[in-house]
Amino acid sequence: MGPHHPSTHGVFRMMVTLDGETVVKLKPVFGYLHRNHEKIGENTTYLASMPYTDRLDYFCSMTNNWAYALAVEQLAGLPVPERAEYLRVILAELTRLLNHTCLAGFLLQDTGASGTPLMYAFREREKILDLFESLSGSRMMCNYQRFGGCRIDATPEWLAAARQLVNGYNAFLDEYEELITGNEILMARTQNVGVLSPALAVNAGITGPMLRASGVDYDLRKVDGYGYYPRFEFRIPLGDHGDTYDRYMVRMLEMRESIGILRQALDRIPEGPVMDPKAKIRGFKPKPGEHYGRIEGPKGEIGFYLISDGTANPYRYRVRPPSLINLTILEDLCLGHTLADAVIILGSIDIVLGEVDR
Amino acid sequence: MLGSGLIQGLAVTAKNFVKSFHDPARLVTVEYPEQKTKLPENYRNFPFLVYDGDQAIDGLRCVACKICEAECPPQCIYIIPDRDEKGRPTKKPKVFDLDISVCMSCQICVEVCPFDAIKMDQHFEIATAERFNALLLHREDLAKSDAYFHTLHPTEAAQVDAVLAEAKRRTEAKARPAAPAAVPATPTAPAAPAAKPPEPPPPAV
Amino acid sequence: MSASVSVLLPPLAAGQVGDSALLERLPLMARDLLTAGLSEPWRWLANSLITIGAVIVIFASLFALLTLVERKVLGRVQNRPGPNRTGWGGILQPLADGIKMLTKEDIVPRSADRLLHFLAPVTLLALSVITFAVIPYGRHLVPVELDAAVLYFFAAGAATELAIFMAGWSSHNKYSLLAAMRALAQLISYELPLLLAFVPVIMLAGSLSTTAIVAAQGGWLWNFIPQWHVLTPPGFAGFVIFMVAALAESNRSPFDLPEAESELIAGHLTEYSGFKYALFFMAEYFGMCALSGMAVTLFLGGWQAPLPVLEFVPSYLWFAAKLLLVLLGFIWIRATFPRLRIDQLTRLAWKFLVPLALINLGTAAFWSLTHDWAGPMQLVRWGGVSLAPSSDVRRPRPGHQRGIAPRTYRYA
Amino acid sequence: METLAQIHERLAARFPAATLTLVPNPAPPAQASLLLDAAHAREIAVFLRDDPALRLDYCSNVTGVDWPEKEIVETTRSVQIDPAGGPPRTIEQKTKRLQPGCLEVVYHLYSMALKHGPVIIRLRTGNRSDQITLPSLTPVWRSCEFQEREIFDLFGIVFTDHPDLRRLLMWDEFTAHPMRKDYVEPDDYEWEPTPHDDVLAKAKAHYPAPAAKAE
Amino acid sequence: MSPHPHAFLALFLAVAVVFPLILLSVARLWFRFFQPAKPSPLKQDTYECGVAPTGDSWIQFKAHYYLYAIMFLIFDVEVLFLLPFAVAFTGLSVGAWVAMLVFVFLLAEGLIWAWQRGHLEWK
Amino acid sequence: MTMSDATRPAINAQTSAPLSGPTDADRDELRRHGILLTSIQELANWGRSNSVWPLQFGLACCAIEMIAASMARFDIARFGSEVFRPSPRQADLLIVSGTVTKKMAPQVIRLWNQMPEPKYCIAMGACAISGGPFKQGYNVLKGIDRFIPVDVYIPGCPPRPEALLNGLIELQKNIRGRHIAGPAPVEADSPTAPGEYPVPAFGERDLEPTSNPKLWQPPVIVRPDKP
């Protein structure tokens, strides 16, 4: 199947050997979207890579921005103002809502629901994108974070709009769950399909909701406590079965937690600058050294590994994409299931090819 | 019970169907060519060059310093500084080309420009059947008036005006310390009322 | 045995109101007027051709309308208006689609079996068209009256499986073939519950003729409750089973596996382009219309009005209204449900619908044998039939293989 | 968690034959790393994963780094405190040496069970042309599978015992290793209204013009 | 007076076959006059997600598949036998009743047998 | 076209113009062929332009905006184009939405070849037009128009969904201006145009060939500052 296939979420190819309808062998083939991100990153300045990170995982530009900004800030030892950290948390959680909502839509689309869940998901996505657009100027490619803060400050009107969205989001989730979560067909399609054992999940480096659906409690927001996450109260939902339904449900529950974080953050956001006054936009040259900085992206651990040789360009610029590594176990999950299951298992892994291939 | 989930789902879709006839939140479509969403002030699409006054080319704020060309991540800007007859730089671009078939609308050129000469346009309806020339914008295509900038980004424009006026005041104050301080023609407060009709500022001298 | 394609107008039924009867007979009168000058057998031929032509034209326009309605309704459900710029409110959208399809290049893959590739859409469409022959569209409007009309209908319907397999096989494409196999498995699995579901109706009506079945549903209980089969317990169960099976037989969501685009591209249609593809599309909708028409005939009282006071409306309009209602139901379901998997699909058919239909058969026997029970015995009768499904002790569930249930989640 | 120096000591005691080097990191977070020799890498990896105090069960990030051979002039500054009590003096030392080129793989290890990390280990190849074999750590951590394939693809490091070592991102017919520093892009910049002439010039100089493109 | 209804059905079938043929020939005419088709080897390749097709797609079916078809055949025929019984349901004699009961029982038993053997599972 | 026009009005000037059919000159030309042909042509073009079914085919970031364009907020269905067909055999429009890498290019071209005539191509976004921001990448094709003919280019990174709708309207105008007989204003429509475009092979370092010279000939760049 693929690379042109309606449900491979982009240009992904699975070499599938079938026995009847049962998958006996499955080899993913990718690279169809290999855009040489890392090579370009090594040939440009630190700042110039920021807009490219938007295009890694094009659902989650804000968290990609943050991961990259965080890695560079840690590499160069830059402080970040408090308001900027709050804004980052707000934007990251909005991104998480965005990503999980879209994932739920796409997953349902893969199971064959004629677009309705996807449409509802995108209806809400547009609301979040409106927020992103009015803040950063672009719907998808925000290019918003800077080393040492954020590019533009959020106006009170923006915060009010965000608050309004957050307050209305639970209603959307309720509607969505009513539409589909209790649906017997969905349960029949997803439960006990593509079971991922915790041991394999850890060994294969699976991260994000997929790992937590297998019951492993590992969330960088708690473990690393980066940003201001330790200041917020939230819970980590865990699945017990590790199947496709759990992966879907864990994301639905995570969204509710994200709403909680957003409420707290929007209530407590302090006044102040959003950029470290000493941060430079032009001529940024960190001292030699290397650093691996990571955050909990909506899809899993997204990290940037940077080696600086003291020049304006990074010597080595590496992205640790969660999607790529989450794909490792695709074959293990699909063996013994049917072709139709393979499609929704792939959907529940939640890959974005821009990030897999880079 | 078996089927209750199915029936719930049917109820949701039926509700949406009925509500789509009277509830605007359930019929979210913006019928594009006739209706348009109001673009937020921060929206950016492609860069343009700001000129003051009414001379599109002569009034360009751009001094051809080539900073944006160097900083542009996809390197879609191409500048040749103009020179007068004697070969001295005139601080104007002779060629300012921008390949919008490459531009990624990242706004870094705007951020790095020390002269507030390049800003982001909001015009996005530029689908074309022509490959080469239509997508390579020249100085003439890029030059837009300051008033236009004011209509697009009123807040930012007001800030820019304040900064420029301040700079002008300083230089004037330095040059003629005895002269009375020039009254800034535009509001100095950063949060200028957005509703204020944009007026072209006095041509930069 | 008499065909309704008769030359003379059928005599007025006794007790019928004059003007209503006139409306009822308007189509037939118009036809007879046209062919009045001809002599037999040419007149018969002309009459038949007009009937056939009318059926095809009406259903072709219904098909066009239906594609538009489906897109509009789907749009509305999804909070958007749907096609609305082609013609007034998008009314010409199907025409535009048709013209485009007609002028589209027709590609036959090099390795395909050219003859079968050509024959498949033709066969499929022809087979779905001929099922229209036995549906009574109105009091006097049935193209042909057959004693074994129901049998004929399902025989013709079952033959469409052949055409679908032809399409999948001849394309010489892996997806097509896989889809064809799926389609065949699905169609044959659901043929059985489909057949079993209407056996109770036949038991109640005592005839295989569609006109007789509709006639059996005439009359009123207490002067306002129609005596439709769907309003009897076994008829209702039969109706539900029939509709589920009809969804599957017409390859509609949630049973649209043969053309499951998330898995098999466009299924058996993958290699079809241009107007052949349009023919498939048309055949699919014709099949859906025919099955809905049959459901209306068998369970929903055919052309009978729902209330005595509404009988002045011509019967064919009632039929059309009911047909559209059923078709809207199809669209509604499509807008809501995800798709089943092939093994779940067949399991649902064999292990849930077939046993249920068999039990329903027994229920129907009981119901029809006890139709003269009255008073307290009526209670016994109702109690008996409502307990019948519980004799299926397996706690049937569509995907009951390993405990499908809602779950609770824990937090770290 | 133990510091890297402690881990280094323990490993050195446990695997006396192995060559272990501590690579310092001058960046503020100072994520120092441990350079292992290829011969013992697998054993040490298994030890790191299974040791109850470490339990580095999660290999997060695997990446390649290309260090081409280069002559470096190093200027080391050391601050010397004047024993006489004056202001500290900065002494500059210039050293010139030829740093041999190598390809390097960096593994970032964390523990999901104990929630600590990272421990960074590195492996280096002998050179950049013919001694480019390293042991694969995929049998230890499944997560290395695709990342090692990617490194094989883009850097050209051959991992022994990798279950499925094929090109990951580029097509199979492709011969070069594009993430190496000396890789030259193909010369397909025919239309460049904004200047990338340097890239094109570099590519044109590197590749002889094929006959088909001459017209 | 009027011919046998089967004659009408035959006519109906004929028209039903001609109907798509007419439509297809209109399309054919269009290409004849306005836009001749441009067949070419690549265009006529089998579609396989954009990659060059590999292997033969006329694969062998699993034997199970035929079993499935046969089972359908058996049940379908049995159900067809049910229909006359259903038509004449109200006026049946006791003997016929018992016979039909046995028949339905056989049907159910066949289903249970196939169920137990696992033939109803789609593989 | 309008872009190089220096006197272009600032905003929204060219957008809400009514969709124009063939120009009067076109009509006159056709009248010579006969009124029947004219009306057939107009009917065909009307049908084709109002029923543009895109191939369900996404490449990268722009694909998401393409999906967004088909969603409730923008609803490409209003133009009759929401029928995203998964199989190229039934599609009319190839929206190249996103970066075409060299590894993907042969597949895209093969899909294009497998679409039946008449077919249209929209290059959506900077990457599809020229390689865009990833142009410097070794694996990125510098514009899909090197291999297949593109009818409408939509610059942007990614273009807003409205911009895609705008491109679709442009395409509809384009379709309405096409001729079914006589001289073809669009090269791809003419009877002599090839039925397929060659698919490049994977080479050792690049695609072979790197472009289709019959289709794509860039103008010579003259730079004032460099000889």
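Labels for the chains are A, B, C, D, E and F, by order of writing; each one numbers its residues from 1.
Definition applied: a residue touches a chain if its C-beta (ideal position, glycine included) is under 8 Å from a C-beta of that chain, and two chains touch if they have at least 3 such contacts.
Quick caveat: nothing in here was measured; it's all calculated off a predicted structure.
Common neighbours of chain C and chain F under the contact definition above: A, B, E. Across the assembly, the mean Cα position most removed from that of chain B is the one of E.
Set side by side, the interfaces D-F and A-F show unequal numbers of C-beta pairs in contact, with more at A-F. Each chain's centre was taken as the mean of its CA atoms, and the one lying most distant from chain C is D.
Distance from the chain E centre to the chain F centre is 42 Å, each centre being the mean of its Cα atoms.
With centres defined as mean CA coordinates, chain E is found 64 Å away from chain B. Averaged C-alpha coordinates put the centre of chain C at 15 Å from the centre of chain E. Taken residue by residue, chain C touches two or more other chains at 77-81, 102-107, 261, 265, 270-271, 274, 335-337, 342-343, 397-398, whereas all remaining positions touch fewer.
Among the residues of chain A, those in touch with two or more other chains are 3-6, 21, 31, 34, 36, 39, 51-52, 55, 116, 119, 123, 126, 141, 179-187, 357. For chain B, residues that reach two or more other chains under the stated contact definition are 2, 6, 9, 12-13, 28-29, 31, 73, 75, 99, 102, 104-105, 132.
On the side of chain B, the complex with chain A involves touching residues 2-6, 8-9, 11-13, 28, 40-44, 67, 71-73, 104-108, 111-112, 120.
Put simply, chain D touches chain A in their complex at residues 25-29, 31, 57-61, 63, 65, 106, 108, 112-113, 115, 118, 120, 141-147, 150, 154, 164, 167-171, 178-179, 183. Of all residues in chain B, only 2, 6, 9-10, 12-14, 16-17, 20-21, 26-29, 31 touch chain C in the complex they form.
Of all residues in chain B, those touching chain F in their complex are 28-34, 36-37, 45-46, 56, 73-75, 80, 94-95, 99-105, 122-135, 137-138, 140-141, 144-145, 148, 151.
The touching residues of chain F, when paired with chain D in their complex, are 102-103, 130, 135-139, 142-143, 202-206, 208-211, 213, 218-219, 221, 223, 226.
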